[in-house]
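You will see chain A twice below: alongside chain B first, and alongside chain C after that.
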Partner chain A sequence: MTTLDNRVSSRPIPNPSKSLITKLNAGTGLVVGIIFALGTYYLLNNNSSDDATVNFQHYNRTLLASMLMWSVGFLVGIGAFIGPWRWLIGKDLTAEEQLYLAGDGQGIKRYFKYCTDHKVVGIQYLVGVITMLAVGGTMAMMIRTNLAMPGGHFITASVYNSLVGLHGITMIIAMIIVATGPFGNFIMPIMIGAADMAFPRLNALSWWVLFTAIPVLCSAWFLGGIPTGWTAYAPLSIQAGPGMNAFLATIIIFAFSTAVAGANITATVVAMRAKGMSWNRVPIFVIGATISVALAVPAFPTFMLAMIQTALDRTFMTSFFDANFGGSGWLYAHLFWIMGHPEVYVILIPGVAILMEIVPVFVRKPLFSYTSAIVGFAGIAGLSVLVWAHHMYMSGWMPMLNGPFMVTTEMISIPTGLIFLVILGTLWNGKPWLKMPMLCVYAFLWNMLVGGITGLYLSDVPADNYLHGSMYVTAHFHYTLMGSALTGAVAGLVYWFPKMTGRMFNERSSYVAFWFIQLGFQVLYLGMFTAGAEGQPRRVVDYADTFHVSNMVSTIGAYGVGIGFIVLLWGVVHSWRHGIIAPMNPWGAKTLEWTVPYPVPLVNFDTPPVVTSDPYGYGKAVK
Partner chain B sequence: MSSDTKFHVHHDAPEVIGRRERLGVRLLIVADGSFVFGMIFTYFYLRNLNANNGWIPKGGHHFSAASGWMSIYPLLLAAIVFKIAQRNPKTVGNLTVISLLAYAYGFYYQIHQIANMPFIVKDTGAFEGSYASTWVLMAGANVFHYFLAAFIALGIVIRARRADVDPALEKWRMRTAASWFTWIAISGVSVALTTSFI
Partner chain C sequence: MSDHNAPELNPTPGERFTKFLKRKDVLETLGWAVFYTTGFVILGGKFYTKWMPTMMSTDMRAIERLMVIFTWISAPVCGFVLSMATYTFRHGHRGDTPPEDGPATRTNRLGISLFGVMSSLLALVAILYGLIELNSSAEAATKDAPNAMVVEVTGSQWVWSFNYPAQGVTSNELMLPINKPVIFKIISEDVNHSFWPVQLGVKADANRYQTTTVQTKPNKLGAFDVKCAELCGLYHAYMETNGAVVTTADFNNWVTAQGGHTA
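Coming up: the complex of A and B.
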């Protein structure tokens, strides 16, 4: 089953160069995917009813089925089902075929194939995430440009609506995979001394399934957009136009990808750690990433369920969410937020864990109270499934439960405080090496402080009565997700760039990007906090004159952030192509990934490593 | 990026591979369990809310409480037979045929039940109420479970007849498959129990 599994068929070994496996790639996937999608469309699109409602349902059914079949077709075309098929007929993949699937000797072509090498998958995720962030960020710039002045006519109201929804869901997906995708796949197996992931073929599957969701989501733009915002509340989403089908198909595909990736990463960490790597010697990033994906495994299926129910309401006239026929909009809110709130921590925890990985390296001190860090992460994950209804304070659902949900929500500040203390304790009396990843740690401390404190007001029922649905909420969650998790991911990019590309990240561009992003960020969202506190609702295309100054300030800040990310992107491209060749361990870190050369060998380690000490043995603090 | 260096084959013991695969399947069962829990939550939520008396509208139809159990007998039979089959590697291929047939029959029966459900409004094609909606969703999940189980059982039957598979690893894969079969039986019972409360 794994790349390293030599216990395969003993039948005569066929020449892999003649095997079907060698003929398949993203191009064949594309062709078969389009054939499946078009075939489904023409097969189902035969309705000629005079009833507009029936036509609407039928069209939705046809579109949704075509989108899902595109995904299936692509996977058939790229060879994702060869493994299961060969298992079914009892002809397991030979060692040579497994080696071919791992991308052995295929150079750049392996990035366009169903490659099982975790490092290839990590790079695929990295490029995918950067692309999604760039697209989502461009949408954000369009939104802010329109909001610079009251009565802005940069874009029309319907386009604005679509942009808000598309920006939201694109960024949410990108942020969920921003740390566990590239670093969880490329770096984490090496960090624990494993030769590969537990299930290499599932690893490739999780990436390519996600990849098929990208064109589906893009198609929403041409089908009238997503006018509901990323939360897609029912019954709005039931009544929305055909673009909504793209949203539903994207989430169904994405939730499948996430469940597969979550099971794979968790199994890898539990079952494939190097000899001697007991649980108290596991690097904190690995702990954070594992808790995050383990949280995602049970959380995302409820999200998928809500989307399937919405799809059934739209296409088969069921009534999960239509109160006229026994359904309930509250049900959607429950299912959505039972996933939706843990999802915030699925995003946040790995980003913070990256920063906790970085601090000891750049301060040359052991991580302060490693156990508290784990308790902090576990506490956040545990409490995150008990707070969902704080998103429903004002919905009218069970007002008597507002109090308990307020308490559980505010309790999350306790494990979050532990995380803060661990970072502060590690910094204490240290002499930090102020490289860009370390600057991100300081930025995180400020951003998370602001995000956390402003969150307390939203968790408080009376304050939320005034603030909910306002720009204040938008600013708050951007402080936690972008200011904390994305800052962690950017730090991770610069920190692990030498191991992933063999080159050092251009230092000047990293500093310029950092200051533009972080200063712009403060201007952008402090302006937005002001607008929200003054009463400006979120998701509106226009606003009263009284909010002009704070919106203008926000837009100026947004352009600062935009410039910062363009510089960062330039830094990535330039450093990858022309950067200084990196030494094996440029930061003098003690975790296992820095013990392997670049390019990293296919099975990572020539001889399996044996761990004899904890990963942060930097001695005592220098006084 | 990885290099194109020569491949080193590590010799992972069947126990190591087997335990790893079983853990992966159990994690996927957690994901599937969350989905099933969500469906059961939906059922009781809408049943107890009964918005606008729309759970089963006046004059509406519903299946009997026993019909949910009818569709899961094959699941239980298949899981029990497979447990027995596991005990003797020599008979596993033949006994798993019974499990395979049970899954195939369950798949057919569930599709047949969906095709003949009584609560579709003839003029519009709409479902009569939220009971009908939740019922069809659960039946759909059963179909998915039956399909996947039939695929796995078919693979086991075919592989049991081939001499060139590693018997030690196959034994572990049987245990992994048994985890899935047991889970879908539990899931089926939970759904049947749920739909008993009409």
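Coming up: the complex of A and C.
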């Protein structure tokens, strides 16, 4: 087999043919999942009451239960519970079965199985993320097309509102996993010299749980969409139609997946580092990914909790958030933003960390002030849990506390400054090799500058009086999430593509995509900033004629970005199939992942590596 | 190391600084820094004044001033980041082989300290300015409150309605007399809305069963827009109405025409 190195292929391919494990794959998962979902649906669905409200609640219960049972059924069908079941009856998987689960020698089939190899999980995440970004991006193009002209008759208000919400949640989920999913799973264990993740079966679980959330989210379309945006504020979410259940179930499933992945990544970095890799020798991407998931682990359960409470309000007439029966919408807003603000840094930090990993390689200088980078990340993560109510300045919840929340929010600019310092300090006195990943570093510097400064206005209470809920906010957070974090992830894709696929990323398409995306991006959000400054609210299907120029400019820019991403997608597919075969270390980098051949052996290293310095030993000695 | 070499190896900080300033890369970078900083100061002053709508209250004037000043505070940061980025980009390495190694500088105590202090000071200025602005608007509001007119604003899917309790008028348009402080008491009949009289520079959410209060003083005659700034369902985009700031006499006429009574 060409996909295996000599050492592995010389071993007999394990074939525990009697075991149930060999019979299960995503296909059986699909079948069992559908059986579970339909079974639950027909078991529960008996609308006998004359009261429409009671019927509606019962219908919500049925849908929610069916969706969650689909997820459970899929996992049963793909064999996720075989291991725990064996433990329950006092056994464990045999060594042969474990090796089979690692997908050894199974070629392309292992990508459709419950495969415990971290490299397989990394590729599964990569394909999943690209798909989600493509779907979310298509929704964005529909939104922008509708907003090109006032009148907005390209799509109806109901479809538009659904698009806004589904674009939001699809992109948020994709962005949370865009760096830690593919690169955190494929590259990071090799980077720290580990043979695999700490909990390989949990690793497979985190991906397949996430996978089950995708059809659930898609089902929202067929249940009437969601009217709430991805913030899903109560009481609008309680009033919403059956499509809302798909949203709630998606978040519940997704939060479970992040909890599993977060625990796994943290444990791997703490416990599985190579001999000699003390904390001050850990590559900065690993530090960034760890801080990011450590922030996600406490954040997402509150989101899940808020969704469960919303579901209870919708199905069992509880009143956590329904003011009509004594609940509070502010409670929901708190739970949401206590997740929501750390979440933007969960997205941002790994993207930035990828760029910090790239800069020393392409400038041929050590990372400037490694300590500042860590202090910057840790400072951002620490402060990010103290700022959530800046999303609620205008809610009327507690105007007295606006001042303190403004102070904590503006303080985040100090650790963010350190991130600039580290990158600029590394660039200074160097001659950067202007390959596409390096161009992304420059794009990041500009985008994060704009995103950061506009964030300063928004953090300020008097200015937020005007800007809150306007298009200005939309432009601001796209600069930070898309312009900064996604740019970092795209740089990581091109940078690690040779290690993940064995082929170089097509250079010309990477440059064409880069310039289309980045220039289109500036036009797109310049238009949106001006629309916001003029006073256009966000999430509107239609607008007054006065905003026409800004919106038209914005839509033109959006098409530029769209073309750029299509070129990038073409680049991925083409390079993966026909790209130039990559050498082992095309960029001349010093981190451990470049010391292993492609295809990476099952246990990554023939002999466990011993680390004697940090990976940034570039440069001529300074006199 | 012999003693007579010491002065050359250890120049005084002043000498080192002059030598640093004379470096070609430093000079070019400084040039870019001046260019970008000036550019942002000029553009920052123009962008918001050009794009933001007519200012019809002191609150709106304060907001516009604040955005301009924040842009100016950020201008040196932009100058610093963009100048170094521009210099290194211009002198970057193109080609298929990696460039030569640069100096193995891992840290620079003076640089990091200066950066830390400067960025913290800029953040402090922004924080203090914001807090002072917040306080002065709160003080002005307290001073104006006793002779303010109350308007009860009700948001419901998808209309605004305004009740003037002292005048006994209810309307779907928001009429306000000039130079008279006004207190909006805002509530929702269903889901969350956000009351946004755009040109007045105030905003507050409308919640079910919880009144939120916001105060302003219109000081310019003319029409303004009232919008909803919180996604509230199907016709959120169309939840808007007209407002106008009129003279006291016109306001009284309007109240009478609506069947209300003037004080």
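As a working rule, the second predicted complex is superposed on the first by the 604 of 623 C-alpha atoms of A that agree within 3 Å, B and C clash if a C-alpha of one lies under 4 Å from a C-alpha of the other, contacts with A are read in each partner's own complex, and residues count from 1 in each chain.
Note that in this section contacts are C-beta pairs under 8 Å (C-beta built on N, C-alpha and C of every residue); 3 or more make two chains touch, one makes a residue touch a chain.
Quick caveat, the model's predicted, so the values are computed rather than measured.
Chemist: Here chain A is shared; do chain B and chain C fit on it together or clash?
Modeler: After superposition on chain A, chain B vs chain C: fit, no clash.
Chemist: Please indicate which partner A:Leu312 is in contact with in the superposed arrangement: first for chain B, second for chain C, both, or neither.
Modeler: The answer is first: A:Leu312 touches chain B but not chain C.
Chemist: Look at A:Ala52 in the shared chain and tell me whether it touches chain B only, chain C only, both, or neither; answer first, second, both or neither.
Modeler: neither
Chemist: Contact-wise, after the overlay, does A:His468 reach chain B, chain C, both or neither (first, second, both, neither)?
Modeler: A:His468: touches chain C, not chain B.
Chemist: Counting only touches as set out at the top, which of chain B and chain C does A:Ala323 meet: first, second, both, neither?
Modeler: both
Chemist: Using the superposed model, determine the angle chain B, chain A, chain C defined by their C-alpha centres, to the nearest 10 degrees.
Modeler: 110
Chemist: Examine A:Thr228 and indicate which partner it touches, taking first as chain B and second as chain C; both and neither are also allowed.
Modeler: second
Chemist: With both complexes superposed on chain A, which partner does A:Met400 reach: first (chain B), second (chain C), both or neither?
Modeler: The answer is neither, since A:Met400 touches no partner chain.
Chemist: Thinking of the overlay built on chain A, is A:Leu445 touched by chain B (first), by chain C (second), by both, or by neither?
Modeler: It touches chain C, and chain B stays clear.
Chemist: So, does A:Leu20 touch the first partner chain B, the second partner chain C, both, or neither?
Modeler: neither
Chemist: How many Å separate the nearest C-alpha atoms of chain B and chain C in the overlaid structures?
Modeler: 8
Chemist: Taking the stated contact definition, name every residue in chain A that is touched by chain B in one complex and by chain C in the other, in rising order.
Modeler: In the superposed arrangement, which is not itself an observed complex, chain A uses residues 323-324, 330 for both chain B and chain C.
Chemist: For a test of understanding, state which residues of chain A touch chain B in their complex under the given definition.
Modeler: 1-2, 4-11, 51, 53-54, 57, 84, 87-90, 92, 95, 99, 102-107, 117, 119-120, 123, 195, 198-199, 202, 259-260, 262-264, 266-267, 270-272, 294, 297-302, 304-306, 308-309, 312-313, 316-320, 323-328, 330-331, 334-335, 338, 500-502, 598-603, 606, 608
Chemist: Given the complex with chain A, which residues does chain B contribute to the contact?
Modeler: That would be residues 1-12, 14, 16-17, 19-21, 23-24, 27-28, 30-35, 37-39, 41-42, 45-46, 49-57, 124-134, 136-137, 151, 154-155, 158-159, 161-162, 164-166, 168-169 of chain B.
Chemist: Which of the residues in chain A end up touching chain C in this complex?
Modeler: Interface residues on the chain A side: 152, 157-158, 161, 164, 227-229, 231, 233, 235-236, 239, 323-324, 329-330, 362-372, 394-396, 402-403, 406-407, 410-411, 413-414, 417-418, 420-421, 424-425, 427-434, 438, 442, 445-446, 449, 453, 456-457, 459-463, 465-466, 468-470, 530, 533-535, 537-544, 587-588, 616-622.
Chemist: Give the list of chain C residues in touch with chain A in this complex.
Modeler: My answer: residues 25, 47-48, 51-53, 59-60, 62-63, 66-67, 70-71, 74, 77-78, 80-82, 84-85, 88-89, 91-95, 98-108, 111-112, 115-116, 119-120, 122-123, 126-127, 130-131, 133-134, 137, 186, 190-192, 194, 196, 198-199, 201-205, 207-213, 225, 227-238.
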